[in-house]
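Notes for the one structure printed next.
Order of writing sets the chain letters: A, B and C. Residues in each chain are counted from 1.
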Amino acid sequence: MMPLVLLDYSSTLVFALTGALVASRAQLDVVGFAFLAGLTGLGGGTLRDLLLDRTPIWIADPTYLAVVTGAAVLVFFTAHLIESRLKAIYWLDALALGIAVAAGSGVAQRMGMPAEVVLVMGIATGCAGGLARDVVANEVPLVLKQGELYVTCALAGSLATVVADTLGAPPALTAALAAVVTIGLRAGSLALGWKLPVYRPRPPRSR
Amino acid sequence: MMPLVLLDYSSTLVFALTGALVASRAQLDVVGFAFLAGLTGLGGGTLRDLLLDRTPIWIADPTYLAVVTGAAVLVFFTAHLIESRLKAIYWLDALALGIAVAAGSGVAQRMGMPAEVVLVMGIATGCAGGLARDVVANEVPLVLKQGELYVTCALAGSLATVVADTLGAPPALTAALAAVVTIGLRAGSLALGWKLPVYRPRPPRSR
Amino acid sequence: MMPLVLLDYSSTLVFALTGALVASRAQLDVVGFAFLAGLTGLGGGTLRDLLLDRTPIWIADPTYLAVVTGAAVLVFFTAHLIESRLKAIYWLDALALGIAVAAGSGVAQRMGMPAEVVLVMGIATGCAGGLARDVVANEVPLVLKQGELYVTCALAGSLATVVADTLGAPPALTAALAAVVTIGLRAGSLALGWKLPVYRPRPPRSR
């Protein structure tokens, strides 16, 4: 149990930082920071818990609310020290995505869900908070940015959970693998431009 | 039971095709196609199931996930053959709307919900997937397009479910009626411009 | 129990009026009015009920659906009599916000939730309907308007619920206090420009 709870705390914290940074770009007040931090930090886990008929994490354990509030206050008073807030959002989001994918797929795995559901739960937990943040703040959703890997990273990380668990890896190793695969792919996309072929109106071989 | 499950499969498939077509317009990669296909194909049914405290269809039966993935892959490789993807989206969406309205109102009816709840459940199941697709992809939501019938079609189809069931029609006939009424009205709006009077700042008879 | 149900009815009605007024600005037909009225009027309470694992208010009691439909029809035929619909939206939204905050925090309080959860439930119930309305209608969400108090008002109102209840106030007084605090702060922000300091790229004392 322990590792999954730690993953939920960590992804909540890091996603909350990205929400607060988006709030700083929209020049909100500190309560607005906390609102976007909470939406981003808790959105994915809450969706997962509603879908799996569990009590949402922050209702079962209000410590999560202290985490997002702390993250919001921290960013409100220190964001001006960050050189590029946009860059910070991208990289923190990558980190949070990996942790959340591990948490989401891990919980579904532990509940004995079939592999397909584990994959989707990893993707949904990883992507929902950031998607809500971007839709509410009217930014282009990261999940839909053309020519970048995003959902693909979440899918690969969830797949790592399924494979590692099938091979009998202990939960902590499984979670670490899922996070590393997700973050590694996303980092490769951000830093090195890794991508999959995108749809083009005419297929490559037709002239 | 059979007919309602078939309706859920069919509306999932056809809505997934529209999501993938929207992904093609945004020039995403194949995983992005699957993401939008899943959101569109499963959004309405998932909302209905959460509201009615049922297990979401795709958790109870992961076949749905194969359906949306298949639809996404199919569209990724064949969308270039379609002359007008926008037209295809509109007409497939009309078809999916009708099937989903029949599925949503049918499930609520079978659970013994009061008529008003049946109506809303038909509308919610029919409209939520496409609405999520349009909000996430930043398109003007079809439900809000001025001068077109959309929610009205879903309402009429759900009303057909209530009336047919009250008159003792067998489930398969009830579902067919709901779908035909919804699709017929929507087709009339798309092809013939059928619409209801829209709100105008000054009432028609003044001056 | 009585006061909380009355609060749910009232906030549903007033939020529905704002949804219908937004529909009038988008020049929709009467069914579009009802759709936005329902989304706005029932969104916050439905989210609260899903999070707290309760039956959504309008499924348990379909009277709510009559309330939003009535509000939509009323606005459809009388909105042209209103001088400034935008102003009407702002002030009715402030009123609905206060009532919904009292309803949301009150229900959570009565369920014995910890104080932090009561605060979040007041905010979520108060803000979700209007947020859904603004996102779907593609307006700038009121919760994110720069230089205005909005989430802060909901937070203060929920805090009033926690404090009043701790001091042993009867439920009706607690609810009244929560609503008055929320509406008072929001009115001060709308009419007198009350606000909190917003984030600025450089801190005030630098330079």
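As a convention for this text, a contact is a pair of C-beta atoms (placed from the backbone, for glycine too) under 8 Å apart; a residue touches a chain by one contact, two chains touch by 3 or more.
Fair warning: this is a prediction, and the values are worked out from it, not measured in the lab.
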item	value
Chains touching both chain A and chain B	C
Relative orientation of copies chain A and chain C, as a Cα rotation angle in degrees, nearest 5	120
Equivalent interface positions on chain B and chain C, same or different at half	different
Distance from chain C to chain B - Cα centre to Cα centre, in angstrom	29
Multi-chain contact sites of chain A, meaning residues that touch two or more partners	50, 135
Interface residues, chain C side, partner chain B - complex	23-24, 26-36, 38, 46, 50, 55-56, 58-59, 62, 65-66, 76-77, 79-80, 135-138
Complex contacts: residues of chain A adjacent to chain B	50-53, 113-114, 116-117, 119-120, 123, 127, 131, 135, 140-141, 143-144, 146, 149, 151-152, 155, 195-203, 206
